[in-house]
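After this come two complexes, each holding chain A, first together with chain B and then together with chain C.
== the complex of A and B ==
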C-alpha cells in the first residue's frame, strides 16, 4: 500500500501537479519541506537585524524610507513562509522554539556584521541578488503553499536588489573615499554571498531527492554559476573589482570561472562561530522574551471582550 | 507564563471593487480586529486590496482530498452541459 502511494505521489510530481497540505505525501517529503521552509522563514526574520542596524543612521530620508520598507518586507516574507510551513503540521511557536534553541538554522550570511553604510548597498545588490536567484525557481516548487508564498516574495524582492545597487552606484560615482567604502563592502560580502547557494553539488547529499520531488529545480552549483555570470558585468558598471583573482571568462564553457570557496569558513559560521551568531540569536530570543507579556495581554483582552459580548447577547 | 499561541486566521482580500475576495494566506492574531490590522500590514503593503475578510481557521471546513473522485468526477461525462455539444448550422452565426 505504502509503495503504491509513493508511486502515485511521484507520478503527480512528474506531471507537475502541485501537492496541497491535506494530500498524502511521503514523511520525508514533509520533513524536508518543513526544514527548508522554516529555515527560509528564520532567514527572513534574522535577516532584518543586519539592516535594522542602519535604519536610524541612513544618510537621508529617501534612503531611510526605502530601507525601512525593505526591512518591513522581510518581516512580511518571514510571515508568509511561516504560514506555509505551518500547513505541514508544525506550530509557529514550535518553529520559533527551534530557532531560539539553535536547533533550526538560518542563512549563515546574516552572521556577518554591517560595518558601514555601503554594506546596505552590498547586501541589497549581492545578498538579495543571490536570494532572488534561489527564489525564482522556488515559485514553481512542487508544494503549493510554498510556491504561492514565493510568488509573493519574488514580486517584492526586485525592489530590494535595485535599491541596494543604487546605493552602490551612488557611492562608486562619489568621492574617492565613498568609492573605497563601496569596494570594501564588495570585498567583504562577495565570498559570503556566493556561499549562500550552499555546498558544492558533490557535497550536498539531499539535493538529488529534492530535485526528484521538484522541491528544487536547479542544483547549488548551477545557481551559483548563474549568479556569478550575471554579477560580473554589474560590478563593471560600478567600476568595482570582484575580490577573486581567478575570476575570468571561459570561452569554452560559456561561463565565468571563479576561485575556490573557503568552505572551512562556511562550516565554522554554520556551526555557530561566525562574527555575529551569538548577537543575532540573542536579539531574537530577547525579542521573544520581552514580548511575552504583550502576547499574553492580547489573549487576555480578546478573551475578556469575547466574554463581554456573549453576556450582552444573552441579556438581549 | 501561558503557552497559548494566538489563533490562526485565514485572510481573504478583494483586490479592487467588482472582484471577489480571494484567499491570500494566513496569520496569527489574538482577535479578529488584530487579524484585520495584521492582514493589512502583511498582505496589502502595495495597494493589493480594498477590502479584507478574516476567518478563524478552525471555522473553515473542507472536503477530504480522498473524496475528490466521488465529488468531482460525475461532471466529466456530462458534455451536454456545454454549448459546444449542440450541432447547429453555421449561418446561425453567434448563438
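== the complex of A and C ==
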C-alpha cells in the first residue's frame, strides 16, 4: 500500500498540486522540509543580530527607523516560518531548543561580524539579494504552508534589498572615506554571499531528491550563477570592484566566469568556527534564558485568569 | 526667552523624551523574551522615534537656517538634551523595561490628550497622531504590569524591585520647567498639574490589579528638563551620535 501512496504523492507533485499538512507524505519529505523550514526560521532570528548591532548607531533618523523596521520584519519572517514548520509536527519551543543546543543550523552568513555602517548596505544588497535568488523559487515550492509563507517573505525581502543597495549608492557617492567603507564592505561580504547558495552541485547529495519533490527548483550552482550575473552590473553602477580577479564575461556561456570559492572557509564556518558563531548562539541563548521568568509568569497569569473566569461562570 | 524660543525649547523637550526612550526600546530588538514581544516593543520604539522625528522636524523649521531633524537629534550634547531622567534609565531587564514604559505611557497619553487642544496647529496635529499610538502603548504596558505583577512570585518580586528603583524618576514629569510654564501661558503647552492626578489614578488602578505596591517615598530626582542628566545619557548619545560626530557633514 505504501508504494501506491508514494506514487500518488509524486503524481500530485508532478501536477503541481500543493501538499497540505493533512495530506499523506513520505516521512523523508516531512523531515527534509522540517529541517529546511526550521533552519530558515532560525536564520531569520539569528539574522536579526548582525544588523541589530547597528540600530542604536544608525547615522540618521531615517536610516534608524528603516533599519529597525527591517530587523523587525525578520522577526516577522521567523514567526511565519516557525508556524509553517509547526504544521509538520514540531513545536516552536522544540525547534528553538535544537537551535540553542547547536543541533539545528542557520545560515552561515550571519556568523560574520558587522564592523561598519557600510555593512548594513552590503548585507541588504548582497545577503538579501542572494536570499531572494534562493527564495523566489520557494514561493512555488511543493509544500503549501511553506510556499505561502515565502510569498510574504519575498515581498519584504525585495524591499530590504533595494534599501541596502540605496545605502551602498549613498556611500559610494559620498566622501572618499565613505566610498572606502563601501568597498571594504563589498570585499568582506562578497565571498560569504556567494557561498550562501551552498556546495557545488556535485557535492550536494540531497539536491536531486529535493528537486524531484519540487522543494527545490533550481540547483545551487544555477542560482549562484544567476546571482553573480545580476550583481556585476550593480557593482559597476556603484563604481565598486568585486574582489575576484577571475571574474569576467564569458561570451560563449553567456554568463560571468568567477573564481574558486574557498570551501575550507565555508566548512569551518558551518562547523562552528566562524568569527561570530559563538557570539550569535550565545546572544540567542541569553535572550531565551533571560526571558524564562517572563514566559513562565505569562503562563501562570493566563492560568490564574482562566480559573477565575471559570469560577465566575460557575458562580453565575 | 522669546515666544519662538519657548516653542522651540518646548518641542525639543517633547521630542527628546520620545527619542531617548525609543532608543532604549530599540536596544531590545533581537533580544526579547519571546518573538511576539520583540516585535511589539520594536513597534513601540518605531512609534516613539517616529513621533520624535515629527517634533525635531518642527523644531528645525522654527530654528531655520541649516537645522534639520538630524542636527537636532545628533548634534546636541548632554547639556542641551531636555528629556526626563526616567526615559534614559537602562533597560536592565524586562521588568525595568515594562515599568519604565508603563510610567511613561501613562504620562505620554495624558500629555498628548492635552496637547491635542494646543493653540499651535502643528503641535496639535502631532498630538492627535501620537494619542492613537500612545493608547496602544499604554494598553500593552498596563497588561504586562498586571501579567507580571500577578504572575509568579519571581515575576512579582522583579516588578516590585523595578518599581521601587524607578519611582523616584516619576515626579519629574510634573515639576514644570521655565519653558513648560511659559508654554502653558502661551496656550501651546500642557498643564502638568492637571495631568498629575490622572497619572496617579491610572497608576493606582493598574498597580492594584497587578497586586503591586506604590512606594511611599515622595523624593523625586529632577534636572533632565534643564539638561542635568544621569550618567546614562552621555553613553546613549555617544553611541547614537557616533557616525555624525566621526564624519562631520557626511550624507548617509
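In this text, the second predicted complex is superposed on the first by the 316 of 316 C-alpha atoms of A that agree within 3 Å, B and C clash if a C-alpha of one lies under 4 Å from a C-alpha of the other, contacts with A are read in each partner's own complex, and residues count from 1 in each chain.
Keep this in mind: a contact is a pair of C-beta atoms (placed from the backbone, for glycine too) under 8 Å apart; a residue touches a chain by one contact, two chains touch by 3 or more.
Nothing here was measured: the structure is a model prediction, and the numbers come from that model.
Shared-chain residue A:79: touches chain B and chain C both. When both complexes are overlaid on chain A, the residue A:308 reaches neither chain B nor chain C. In the superposition on chain A, A:298 makes contact with both chain B and chain C.
When both complexes are overlaid on chain A, the residue A:255 reaches neither chain B nor chain C. Contact with chain B, but none with chain C, is seen for A:91 once the two complexes are overlaid on the shared chain. Of the two partner chains placed by the overlay, only chain B lies in contact with A:23; chain C stays clear of it. Between chain B and chain C, it is C that contacts the larger number of residues in chain A. Contacts of A:287 after superposition: chain C is touched, whereas chain B is not reached.
Look at A:149: by the touch rule set out above, it reaches chain B but stays clear of chain C. Common to the chain B and chain C interfaces on chain A are residues 69, 72, 76, 79, 292, 295-296, 298, 301.
Residue ranges of chain C in contact with chain A, taken from their complex: 23, 26-27, 29-39, 42-43, 45-46, 49-50, 52-53, 56, 69-70, 73-74, 93-94, 146-148, 150-152, 154-155, 158, 239-240, 242-244, 247, 250-252. By the touch rule above, chain A contacts chain C in their complex via residues 45, 48-49, 52, 55-61, 63-65, 68-69, 71-72, 75-76, 78-79, 82, 117, 167, 170-171, 174-175, 177-178, 283, 286-288, 290-298, 300-301, 304. Partner chain A is touched in their complex by these residues of chain B: 1-6, 8, 25-28, 30-31, 34, 41-42, 45-46, 62, 64-65. If you check the complex, the residues on chain A that touch chain B are 20, 22-24, 69, 72-73, 76, 79-80, 83, 86, 91-93, 148-149, 152, 156, 292, 295-296, 298-299, 301-302, 305-306.
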